[in-house]
């Protein structure tokens, strides 16, 4: 072989602590290296041009670039060598930036280490073989998991782009958290008015199949060809017959059913429709509170239903959908704030969450838009808002900022004044974070026009004064004094956490999640929508906290990724996959047993049973290679001989 | 390239591309300073890491090996790290028997977001290796020869099988013979003190069948070569476990195999018998009684009491009767529950790590790489395609060094992890008496400890533990990085 | 009359020290284990040795399990790294060697190896270099053994063939008899006492050993009969059904001389080596072709090759069996496969 080695300075990023010229000089002694040099910025246009020129001039048939992480620029340089006429897989990278120059200051040690990393890259490249991708058909349908505003946006954009969409929503209605909001900041426009039409569009769009009250049970397959099993929970109402007339909910005798949609601010009926604008507008029976289902007698709803839609015998159902890619938009939940004993730990009815407050503010909520406090149904005068309840708090393992609480608190303070003009709002805050368009201006209005009193400091204790008020005691760190406020209602800006079941879903999707359960994007800055699993994209808060505009933007971005993927008629596999050496295979089937993808099958070959890799299914993990005792199944570009060559280069000294 | 003298030690890392390699990148982006010793080999998945890569590195001069993959439940390939976790844990428990300090190998899980954790892992591990210092090399070890204490107490009465229903067995085989290609058993070898495998195809062949303490060979070794044909096999309890393990691994089909079984009362350790007999011209007589065998050779009488001369495995045997059989004759002796550590393993347990390295140096020097150990093994089904002798892949050189020979034994042991039934044919077959069974026994002990007392070859339906996984492993816990 | 010397049992270490003055001495050394083995190892002052028959023959002295035929080093031109120069060194690694206390079957083994390596159309320089510097001190066998059959194949417990000195244990010590000028010279310089007086004891011991042997079958017809079996597949199938196809029989044989050659290392960072290692016709790799095709996939065909080579082909080429009846293939076989039985079956029954 004739290998070219290019050592990148990355400006001073690498050059500062690695003697790049020396590494190039050492590389010249490595086997098959015909040319080695150092470049200032190998990824920049002149750098790539220099690599291409060297390939031609020195008749190179393989290239090693030592620069940053291959997770960043491996695709870039593969294209570079391809432009110069090489197979794109005749290329290896040595990571001498993240793994060398940025983590060590000892230039001698770094230089030596960089040279060794180049050496193992050379040894691997010497055993690389040109590979070519296989193309396979795409199923141009998309699964969107989660029908909040991000999922809705992604679904509508995909559907408008002509892609059939399967939308799965865990709750009985789409709309997500946004559907529960009364108004939205900073415009204070009605949430239902802007979200409602989109929800209707979802219901009416010919390209969208909606599975509400359903969850993703299992996902198999790979980009272009996923098979998804969806578990439809029993609603006990035949939705094909239900017209959403509401007759059942009026007559249902079980009127003390907890109302999840209203954040448990008031009761509802055992059979109910979440809210008037619900999509689908269909009734669902809560089996834990339905008298018929619990005690076996009642049957009122079945009697009153004009279409005979009630079915107490309904069982859950698994449906299978075939799709080509998946968007996860599973949103968030609020953390369990009752861990805070200082706020009463849930003991005081008039300490509520901001989302509960939204339901109190909402005209479709339990109080029909009147702010009435839960304990006695009276209108509060003094309302205290406490920020960062479960955000930016290391003591409970939640160091991150939930992002949008500062803004909705300002909004809620404004709305409080609108609803109850003689009320006074107080906000205990740590910092006010208002970096969006018109955001800071909005906060100033809350303070200046609406008289909201902002107190910088933490609340140390809330306790009842015995006269129906709550004493909120805290510190004003700006004034350096203790403050006590007699509150009628306390609203906690409870921090955001990943939606329940996110880790389990991530496992089904084979994507990563961070320590808080938020899904990991492919690159924090440059690939915020992609995941490391091809064909799986992210939208909304499931990827990290964000507000409505950002969620909508990411929903559209995910849709753009889907449409871009589907713009092609065929996909190409990554040819770095396993292959069976039929001579060595003894058909023991261990590889078949261990393959996580079912990508290996038994075939007859000249009268003998042998294993065979299904090329478009294999994802290239290499579990089979380390399982096969004969070494009969080898993962291209991570063969036993390649890894052994790397080990030998490092260890036989 | 040489290790930087005095500054660095040789530490090799195997990192999965998706999580831990990314975690190391994240640490770099955060400028999280780390010691410079570690050299990272990028692999797609921790499941790609054959534990033998790690042994290769450690035998070839690495002072430490660090493996890192995605956290359990977080594998990019959904299950690769589950397989890795089991295999790597078995390896970790295996290394000390070779004389390699298991602290020199560690595996962990670091996600792409955990740059700080990666920094901590690398720093802690490098620090640990520096505290341990350069790894002792097999090449520098002083050969040590030592013999295991064979004065053992059996978990069940040992005898010569005097009352075995041999005639009934012969009748049963004759009755079945027309349906079978052949039935594998034992016959007398070149003299009455040696027995060899017998392949019965005619009723006359069946008359040659013998039963008794000389039946040392494991006939299951031949089963895979009969794949696809109807074959009968006469088994001792231990042999039957090999048959079951072959069934577990789909290497033979149940409907193709007819199993004839009689309870075994122990077999002779022919190594010690032959040594006691010494060089003789001819056997004059072999006579049996309940407790043992008396051999007269060249007019000299030698007494072999089964309690003193059984194979090491027989003392700890808990399956005197076949675990699976179609025709079963006789009643087995009851097994007393009790602890049993195989003699060679007990000897190694009592040694320091340095002594073990010296021990293997001393033993491996005389290995001729004849591969009798491998070919006698009923579970070595690669046969013609053993990786010890191939160039593609090339795991070993042809050099006759103790390192290469010990590495082969490690290959065999690791390939037997969760599969070895402890039949001991490898060691029995070794012409120069290298106690290699101890390596398989250590693997078996580790597997039993990790997987709730799992013993290979007891249940045809059981999934061999290293071909499966649990999401939560009961007995494998991540070590803390303090 | 040859030189005769006598050495007391106590005087053996001093004698070995004398031998090792100018040569590497390979002596039988006991390896304690549950299964004890005896191997030839380089003797150094103070090292215990044994006079037992070794488990492994002394073939190592001329044909090591692994030897470096040549080393190669590639050097790159610093100006133009694509220019690589190659340096080879193929000097045979041979040192003067004395084999001490091998048995007559081992010594005859050297004669068997000499024919193809030295007397054929090609002379093997590596073998030659070793063989020319080899002195063989053979200990006669005191008696026959159940697995031994040297007297079937032209040898015997005191066969002198291949030896420079023949040693026989007698009461109190060993009588050493020079057989070749090299052996005589070695004994003359040894300072050992004259052994002529004890020589009759030695002769008596040798005779006694012969007397313990069974009657040897007549194998004159063996080459023709074994060759005639070549196409009798059933015969080989039946004779070898229990063979495990390992290499014990060939690697422990004093006359098996097949080898494999491999290159280890690319020669860039450190010199690469071209190795010659023992090969083994019982292994499927022995005949596997580069295409993957293998003309001898069945064990029976491989065993046919081994037995035919020793009892038909080699005799056809060189006029002697290439089996010296040491019996190691029988005693070391994991399944006690008995080459005697195969040959006798071939000779006895009609094909």
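Note that the chains take the letters A, B and C in the order they are written out, and that residue 1 is the start of every chain.
In this text, a contact is a pair of C-beta atoms (placed from the backbone, for glycine too) under 8 Å apart; a residue touches a chain by one contact, two chains touch by 3 or more.
Values in this document were obtained by computation on a predicted structure and should not be read as measured data.
Under the touch definition stated at the top, chain A and chain C share these contacting partners: B. Taking the mean of all protein Cα atoms as the centre, the chain whose own Cα mean lies nearest is B. If each chain is reduced to the centroid of its CA atoms, chain A and chain C end up 71 Å from each other. Here the CA centre of chain A is 45 Å from the CA centre of chain B.
Chain B and chain C, compared by their mean Cα positions, are separated by 32 Å.
For chain A, the set of residues that touch two or more other chains comprises 583, 652.
The set of chain C residues touching two or more other chains comprises 269. In chain B, the residues touching two or more other chains are 1, 383. The touching residues of chain B, counted against chain C in their complex, run 1, 145-148, 150, 189-191, 194, 196-199, 217, 221-222, 269, 271-272, 274-275, 279-283, 312, 344, 363, 366, 368-372, 374-376, 383-384, 389, 391, 397-400, 425, 428-435. On chain B, the positions that touch chain A within their shared complex are 1-4, 7-8, 10, 12, 17-19, 21-22, 24-25, 27-29, 31-36, 39-45, 47-50, 53, 56-57, 60-62, 70, 73-80, 83, 87, 111-114, 119, 249-251, 381-383, 385-387, 390, 392-395, 415, 463, 467-468. Per the touch definition, chain A reaches chain B in the complex via residues 26, 69-72, 95, 97-100, 102-106, 108-110, 112-113, 115-117, 119-120, 503, 506-507, 510, 512-515, 520, 532-533, 576, 581, 583-584, 586, 588-590, 593-594, 596-597, 619-623, 625-627, 629-632, 634-635, 638-641, 643-644, 646-648, 650-653. On chain C, the positions that touch chain B within their shared complex are 31-37, 39, 53, 55-56, 64-66, 143-147, 212-214, 241-242, 244-248, 250-252, 260, 262, 264, 269, 275, 277-278, 280, 283-285, 288, 294, 297, 330, 332, 334-338, 340-341.
Within the complex formed with chain C, the residues of chain A that make contact are 2, 28-31, 33-36, 58, 583, 649, 652.
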